[in-house]
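Across the two complexes that follow, chain A remains constant while its partner is chain B and subsequently chain C.
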Partner chain A sequence: MMKTLFTADGLVGLIFLFNLGVTIIGGLVACSAERLVRAVVGLVVCFVGVAGTYYFLNSPFIAMMHVLIYIGAVAVAISFAIMLAAPEEKKKRGPSGPLSGPAGLITALLLTSGLVTLAFKTEWTSFKKINDGTVKTIGIQLLTNHSMVFELISIVLLIAILGALVIARGGRGN
Partner chain B sequence: MPILTLYNHLATYLVIGALLFGMGVYGIMTRRTLIGMLIAAELLLAGASVNFMAFNRFTAPDPALGQIFTLFIMAIAAAEAAIGLSIIVAFYRYYKSIDTEDAVHLKG
Partner chain C sequence: MTLTFINVVAAVIIAIAFVAANAAYLVWAERKGAGFIQRRPGPLENGPWGLLQPPVDGIKLMTKQLLIPGGVDKIIFVIAPVLAMFPTIVSFVTIPFSETIVAHNMNIGLLMIFVFGSMSAMALLMGGWSSRNKYSMISSVRAVSQAVAYEIPMLITTITVVLIAGSLDLMEIVGKQTGGFWHWNVWPLKAGLFNILMPVSFLIFFVCSLAETNRAPFDLGEAESELVAGFHTEYSSMGFGLFFMGEYANIVIGACLTTILFLGGWDCPFGLFPGVWWFIIKIYALICTFIWIRWTFPRTTIYSLLNLSWKVLIPISLFNLLLTAGLLKVF
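For the complex of A and B:
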């Protein structure tokens, strides 16, 4: 057991287990921390783990984009929103609805166990790869096969940014 | 030595995706603030992306397609976060709170 740990494959497996732990712990902090600032930090830790998972799935490009977009943009935007609009002193306590507390936990556990059972019970068939999936292939496919979706995503992002500016600007100066 | 070769199985990644999805569902149902629900929604999208990337690596014939789909999910998540956070800021200006129970103006 110790012998296989000190080979290249064994070390990769160890790093994967560490990465898995980082993802799970970060996610647990993000969904259950009492203070929102801690939840955002947990989200960042979880996303570092998810980026490592993408690296293990042969996509360093997607891992980099994940770090760039989620940690560099989304987490920073959420922490700005917490600074602008989350008063800690006026926080209410207690359950917020019928689904919070045990019912929510049971629903999430049922859903997760169902998905895990599905993952293990199904016989997944794999197909022969028709290309190598490098960044070059992704770029060629984005501008040929998926160019329509690419343009639509650009328009959606433009409209989302304009809409965010308009919504957040209204009511200023009161 | 099965535990050190976990990274080479499809089911491992599907379990990671399911766990992230479950944590997102739990967060959405138990959070009482809008920002907390938005953080949980990001976890949901990350779980879906991990599933796409896992099938892309292990089963799909075209390994570029899942990566492109994940890029689109990231773009939509960024747009969702921008719109959601600006709505939360506007909501806070109006109600002086981000609690979901305080949004009662449209309640019948």
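For the complex of A and C:
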């Protein structure tokens, strides 16, 4: 059934497509930019699109946390890393890694076919609210039904902190 | 339908006008305050008490040429000042000025302000990097490391207030503080809860909001004796103007947030006529304190600035949070 643009569903679809477009354009900029800092800016645009999708899908809290963590912390950390590593930017692509060429193509094909099969095989439930997406429900869900994920994330963070400590142990002299 | 549309447009125009007017006249207030503290008159020539100085400055900035130096990353160079200004205007959407004056109250309003506050660090980084100027870049790295360092104790301290109010909704946080002077979150004698740590929280939050808005004594990002003018060295005309307006709008947001979280929002200290006027009085009192501090204290160094955050404020605020949670559990 074709839905026209000028109905409620059509407008909703349009907003969803807008978010999707922002995400994809950001991702393309991030992948194809010749300067690393522009790639980071593309990544930020991509994150904004993803946050918009979360907001669209009725979880404003997740959208806000996404922006706070990924733009406020991760993108800034990546920019720091770039500045410390290569302050004088040259418009140049580095030497191609082992995954470029046929190996990369095969990986991409496998990944794409897997995602496409997943997308078509899954039973999508449309327009159904799982819960109201507030802080309270998310907190209850995280500490009851999904507490395993919650604990695993804390282990990942602990390992990250330990890794940072190991790297920083040498001190400033090295 | 049309009425909501008109309402939305009016809200947007009022928000932008409020931000712009504040940015313009806070510069005047700052120059007058600096003059008062340094025993000189400050701006005098344009209008009575120099009151026409801000519009004249604005016209000057707008009519100047927008120079884009050679070798800069043009796209990022142009986007950065816009990105510095935009999140601060969006933050005004959820700030409740009184029980009725709020553009859009959200149940995660507090979180939203922090989210858009964290975006402005990215703008400074982009502006400083794209200028292709060593001073700008050092300055932006400083400003961002400072913003990241002070965001942590600020968020942790805010959690203590959130624990007490039990909500991220700014209206509700103010609602919990109604009933006069001694019910405000800054005092330990809050009804039913004797949390003696609240003044500590307030102090940490205030110091962090000074640092987050890049104000002296923490204005290492634009230390003019070391870094020319900081991350906006290469910007002329309204590019510079937008960074400047963003900074002053950030100060207003910091004052609003301090008022809402600790000073009872629109609540009157004596229980008389609560309303938007009390909110305005409180934020301008805080802004005057900001100006007073800026012209009284000398600038610190970057190491002592970062040490203050990582070695003093973060441990204290963590203990503060733990003890507050414990007190809430016991009483």
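Assume the second predicted complex is superposed on the first by the 103 of 174 C-alpha atoms of A that agree within 3 Å, B and C clash if a C-alpha of one lies under 4 Å from a C-alpha of the other, contacts with A are read in each partner's own complex, and residues count from 1 in each chain.
Heads up, the rule we're going with is that contacts are C-beta pairs under 8 Å (C-beta built on N, C-alpha and C of every residue); 3 or more make two chains touch, one makes a residue touch a chain.
Bear in mind that the values here come from a model prediction, so they are computed numbers and not experimental data.
By the touch criterion defined above, A:Val41 lies against chain C but remains apart from chain B after alignment on the C-alpha atoms of chain A.
More residues of chain A are in touch with B than with the other of chain B and chain C.
Applying the stated contact rule after C-alpha superposition, one finds that A:Ala73 touches each of chain B and chain C. Residue contacts after overlaying the shared chain place A:Gly27 against chain B, while chain C stays out of touching range.
Judged by the touch definition given at the top, the superposed model places A:Met83 against chain C, while chain B stays out of reach.
By the touch criterion defined above, A:Phe61 lies against chain B and chain C together after alignment on the C-alpha atoms of chain A. Chain A residues in contact with chain B (one complex) as well as with chain C (other complex) are 61, 65, 73, 80, 87.
Remark: chain B residues 1, 3-7, 10-27, 29-33, 35-36, 38-40, 42-43, 46, 49-50, 53-65, 67-68, 70-72, 74-83, 85-94, 96-101 touch chain A in the complex. Within the complex, the chain C residues that touch chain A are 73, 75-76, 79, 106-108, 111-112, 114-115, 118-119, 121-122, 125-126, 129-130, 137, 141, 144-145, 148, 151, 168. Within the complex formed with chain B, the chain A residues making contact are 1, 4-5, 9-10, 12-14, 16-17, 20, 23-24, 27-28, 30-32, 36, 39-40, 43, 46-47, 50, 53-54, 56-59, 61-62, 65-66, 69-70, 73-74, 77-78, 80-82, 84-87, 90, 92, 96-97, 99-101, 103-105, 107-109, 111-112, 115-116, 118-120, 124-133, 137-138, 141-142, 146, 149, 153, 156-157, 160-161, 163-165, 167-168, 170-172, 174. Against chain C, the residues of chain A that register as touching in their complex are 35, 37-38, 41, 44, 60-61, 64-65, 67-68, 71-73, 75-76, 79-80, 83, 87, 134-135.
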